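Please go over the structures that come below.
In the two complexes below, chain A is the common chain; its partner is chain B in one and chain C in the other.
Right, the complex of A and B next:
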């Protein structure tokens, strides 16, 4: 059909490898002019707006090796696994609850049916919702290329807004999270402008709470969309560790997050709002953890 | 009469629902032609600049490029805006319509050059190769600056002020001196977009008769006259075929792609298609005007308002388009639906180097309704009465005279609509959110909004009906259907009058060559205007059929009725004739089985602009909104929990469609209240995509309870009024009032973002 709604203005060669080997060969052969396409929910809007051009686009959702959920030892997820498949996994919901909540907070169902977790990570947008959740689970990323592979921690993989250390010819194969010890509870909270929206602030919190003494043994906190990349908040984590869960500790936690904002985005237009609003996320996170 | 009606008042799914939901309906972009070229527009990257030179040589040399046009290639580049009105209204209202920028650009996104090429990629490439040498000019971006005598001049005139209307009554100073309580505030509302699903699109070609034909998504097929002017062609050599719209909301009331594709098709002799991208649509089409509104109001202790003064400044943006007309609506509605003895309204509109303002659902009413209703609620609180009480004490009633001098002879559903909306929202006890930081509040606002165009435009519409020999009926009416069911309503009227099922009525719409001109689908006028024209035509045919049947049944036509495809004696329904048989009698005997009728609205003269008084509009629709919100005191987020929309619609033709408008209207301006705004930095739009221009999603839409009152007092068919635009009028102030009720913060500057609310809470 003749149509003017040509979303993508420039021409490219389209590849649809069926196996990882094929994909890595293509990536190697055509680097640097070849771009990986997973769900396309970030790639296509960017191409439409001419954020980048590429000679070739390689679709990876037909590669079976890249789509799996393996919880035999910790959690391993194939990079091209659909968000909606992850959302349905009972193990993730049970044990890696913050990740489950983060995925549910992404887009609307139509987006989650298209989008992959690898795309969310590799796109590296500051508000990417899975990233804070993956950070608190100490996610490691397995990167593969023709004749090689390496594993890097997520916090080193993303270096800034839409910046990663991935090299031409490399592909994100999978995400690995170590087995959780103890009774780690976790949750994810997000502030948007409307119900389906990218985050203005998002946060994942995990805590190992001793039931009898109601004391936090250890805590993990990661904040997103405040600054150019999501990060763990060691001061807030330290503050929570060893404390009894009560109002004063939640208040102190909120104070610490306000300081994180002050430090991360000094002078930014959004600071006066975010430094206040983040306090509510602190409260909500604890409410959810304890419920 | 109600019970007798067969089609009117019954919920009937729209005749086009199925083709829409199954994806079979063709929108403008779905049409293509063999040999078609693709067009692209080069747009100004500066909000204000002198064009020193344009070099198109490199673009023209690109393979596949068939035409590159600039202002010098447009036969009549500067003409006058017309909007399908029956009468010229001249200076003060009609202003410059410029196809392509000439000498100086006035806004970012203004069309500078056009390209047509064999492929879209070539057209896009060619646009990049056009070299424009600009000399940036300072420009003016704030309407408060633009009205100053020494300001930068946006256009060619020596003032930026394009319209100044006043309306007064009594003596406001005396009124204020009598007041016990006075409130004075400045309110601001931003430019907002229409955010229709379907961006602007059209295809133009020259048919085998040499007629320049344009198939386009438009609210106004009468723009064929404007296109003829631009090309210097006779009006009967330009034909516009309107497609079903994927939304209009006023944004497709102005010419969009028509002149561009017409010029390119004329130049190349080939069909040419142009569809805007979303980002381009944001930049290229009109916006609802930004307003700065200074209000002062005074009342006695008992709540009776003694005086109101409104000084209103509208940012018309870079070109006037419909700004003066919009301003006239604001002038009439500024003092609200209230009976106040002392009124002073002063409205100005001025050019700036911002995107141009024009029609947007409500047409100058929602802006002033927000200010007026907000100040009334604040006044009520200062006096210590409820928002409903102050409205009950002051609203106009039948027989009262509006601030603008129009006497309300017809039934006025005030304060009824307000009472019902307020009672409905208060029926349930306020929710207590589990979350302590969330506070629940309720608010309300009332409003009036005209349906039908301003009476000095001498509005008319026509409709043609033909009865077929098998008893089916064909309607031809040049009404563009925006998705609101404009066409289906006409079918219902015909079905009712001719006693045939709705499924037997087929309608052809929106073609300047083949359907009678029905005027614009704007101003909430089609049910009123084309509904009446169709009713008139149907009744002529009905009378002919009854007359013929009367002869057969030996009674007078007055004794007959028609229903279920039978003509029968009202008193003895068994004495009847099949409709089809009567049709065949008529056909065989040469009785005309078609009729075209014209309906004329009331006509008045252009009012005295220094004191607008008397009738400016045919009639008004009165309505009210009540809202319940939860405000998070820690994040400033607002969740709308419930909305009640209550309107006197005169008569409901199809409850499904009527509620659709009431629900849609509520959500449309819920976005106006809470999230929507075109963010401008010195004339540059910073949020021209749906990532950054935030509209409510389906998940944000609360339950909307629609309460329809049927006074049957409207001027439309069966006493109907209009609902399309009124439906969105008063929701924003109702939500803002509810926010105040919840957390004690009055937002006077839309949208009420979490930032503003939180900042006010912390202040």
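Right, the complex of A and C next:
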């Protein structure tokens, strides 16, 4: 057993760039053996378990350009912004409520004081809590590298469990979400073994509900931890659109989510559980949306 | 009965409270010494293997001191010396030549810093010859399974291990194993297929059950499966050892018994005990995991002796998770009763997978029999226990020592029996419980006492009102997605391990008490405080007895040199036995104090009395009845000093002899979500019977803490192994080993606690223990409540959400 809580078993060169330029230069120079450390709440447990090795590790939380919340036109968040800073943002709480709830659902306060939103995305764990919330807000990711940048939709960025399309030399710079139109209500629900846990299932739901007729004009649904990556659920979204909010629509929504599970993880050990448990999340989501 | 206490029962600041909340308390890992080296342990990466070679040359070339099996004394020991030597199994060396579980220590390294030691450790090369390994006792027990041991010692005798059986224990009471014709009792331990009686009868053991159950009108047979869990005490095991110039060494280590650590190290390293001093330092919780000498303690000692320098060794959390677990258990339980609810017979069979070392499986099996025999009156009782070695972390006592496991099997079955009989579960329990005047097996079949205080009836009655017991739903009658249910279980634990006659377990304690020259008091005790307030109890008891205010009584820092022997702060014996010794020593001090004061006051000591004067902050000696002469304790002590009359003090050892049961009664209300399978305890009523309550706030904390661990045990915690790799599925990390936090607890205003109004005549000021009892019947109460909510009986712990969903779906679809 070559692990120790206090000592990392592997040697690596450690970098602490202060500027984005410095970081991109280092990334370019030392690719592919250089890896990125943000909050460390995923990387360090992996290193301690010997599930993660690298020649060089670059810490990015000292880079000021990567830590910002800009809500002047839609929402732009720097990749190294702390979850606890996002949690405190009144604009996110007001307008991108599902993201606020998703962040609150991550770990305990100590974890959120360390962890970054970019880390949660790039770690690409199937139960990553911010991902379903970002998916319903059509998040785009800005990736930068020495002498270039590109923007990709989040749903194309993550390709599987701990798999992304990020290339050596590239760094996630920021997350961008378009301005929301109309009165979109959103929320995030999660099921874990205990309150502080990785999700067994998580889900973000947004709905534009016409107050006078109590009818859902449009809906957005994203499900996480059911399969190797989180995804939008177009059938469930279509089912909700145009419906009056009542018990029967919530039941139909639950049925559609059960079908999503059946389709996403056929034969999987966890299917019999998740196809039932997701029904509770359907109900919780609507309870919270309407509260 | 004296209920007019000055200090006992008052909520007062903990003596170590300020040190703990300000971070000034010294635990073993806080000890820093000049010229100290730091050590790390190399642990096995395989579950079962012979060690072919260990090459430390590269590590030593880096300047590190390395310790390998050849460096340690070849003394086979058992790390727990609570039982008498004849009943103690010995199977281990300080470092083994064969690996028996993943994460077992096989070598150790000391260097100037922990980082350097770690770097050197990484250079050690180990060659293994891997062997088949077992994470299931049923597999390990099969004929032909690879032997985990060829032979081990029991006392001084070496014996061969067959089918990996570490030990067995078969106990019968009544007509089990007796010839049905003439009553002759057979030696069941010989395990014959047939028994031949002198009167001509031949029969098999299976038939014997039939006779015992002959008068039963209802018979139930059930099976239970309880998981292995991790202690999760806050402090990981640590040690600092300093070799002394005159020979021997001084040790600061995590332990529940400084004296047993000293004795063991004396034996292993052949050093006389006067040259070993084990310091008492604060303990960051234990839950039983430091009853035995911790595995790293002799390793640290051996390294320090080899290096001839002080060495510090601090376990990481993952090392600790691979070091000790609670005993898992698989039960078969058969119970027979008459239609009017009188139990006729019980037959409990258990198999326990104990891991790679036999720490205390033999006394465990005895205790399991005792917990079973002492819960209800079984006129005919049979217990068959088998402990099997597996290639997992060694199991040891954990809060309840087999009691939560047995309680789950018995209390679940009693609930089922009540339903079968159409009887209220409280009524059935009251008809059969072991109570006042009955025999109690406090530590297996050789430690039996008579119950002299019992709050069972009172607590069942009070608790049933607090939870609206008679308003609870019919089992499984609820509809909707969230089902509500109420459940009950009762339990107990022993207070100490000493019966009227010494049995297989050693039990006595020591204390010194002295009155200082200003009337304040110092207590020297070897007992430990796990956080439950044992030390405060010692202070309160001495304060109460000498009538010296609490603030004027303190505990001295102690070690093995300055205290008499104490067996261990285990078995819920801290207050009853450890503080019991302090009580009896303080009685002697009181006598001497009154004698000296009598000389000064010109009164016979019998005519003097002590009262507490909180205003002056002094104990005061007064003449009995008429308060015409008085002197404070301080004035007496000061005058004695001026007149060179000596210090008023006493030292002694004392054995408490009645190991009284501390009873508990648990009522819980749960909500079970049919879709997520989540079980939520929404209300808890926990009542405890600890005799006189010495630290009421700490006792309440014990009950709530027990509730917390009980919720975890029943719904969450599992130190499960991957049968393919022999590794813990959580790999020693808390992010994967889930426990109950404050959030999973019922709301604060729904956690109700209370205490029975009992008085234990053999305890200090009427007190007995409580600590372990707090957890013993929580899981049983939760499972009974889940049954009440859902109509489905869960017999395996933890009850996981996936199992709940599957079972309730099966029930709805009519499959069960």
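Definition applied: the second predicted complex is superposed on the first by the 284 of 291 C-alpha atoms of A that agree within 3 Å, B and C clash if a C-alpha of one lies under 4 Å from a C-alpha of the other, contacts with A are read in each partner's own complex, and residues count from 1 in each chain.
Heads up, the rule we're going with is that a residue touches a chain if its C-beta (ideal position, glycine included) is under 8 Å from a C-beta of that chain, and two chains touch if they have at least 3 such contacts.
Computed from a predicted structure; not experimentally measured.
Of the two partner chains, chain B and chain C are each touched by A:193. By the document's definition of touching, neither partner reaches A:216: not chain B, not chain C.
With both structures placed on the common chain, the touch criterion links A:233 to neither chain B nor chain C. The contact surfaces that chain B and chain C form on chain A in the two complexes overlap at residues 1-6, 9, 45, 48-49, 191, 193-198, 272-273, 276-277, 279-280, 283. Chain A makes touch with chain C in their complex at residues 1-7, 9, 45, 48-49, 191, 193-198, 200, 270, 272-273, 276-277, 279-280, 283. For chain B in complex with chain A, the residues that touch the partner chain are 29-30, 32-33, 36, 38, 120-121, 124, 201, 273-275, 277, 279, 437, 632, 634-637, 675, 689, 691, 694-697, 699-700, 753-755, 758-759, 762. Every residue of chain C that touches chain A in the complex is listed here, in rising order: 40, 42-45, 102-103, 114-115, 118, 121-122, 316-319, 322, 481, 673-677, 716, 731-733, 735, 738-741, 743-744, 801-802, 805-806, 809. Every residue of chain A that touches chain B in the complex is listed here, in rising order: 1-6, 9-11, 45, 48-49, 108, 191, 193-198, 272-273, 276-277, 279-280, 283.
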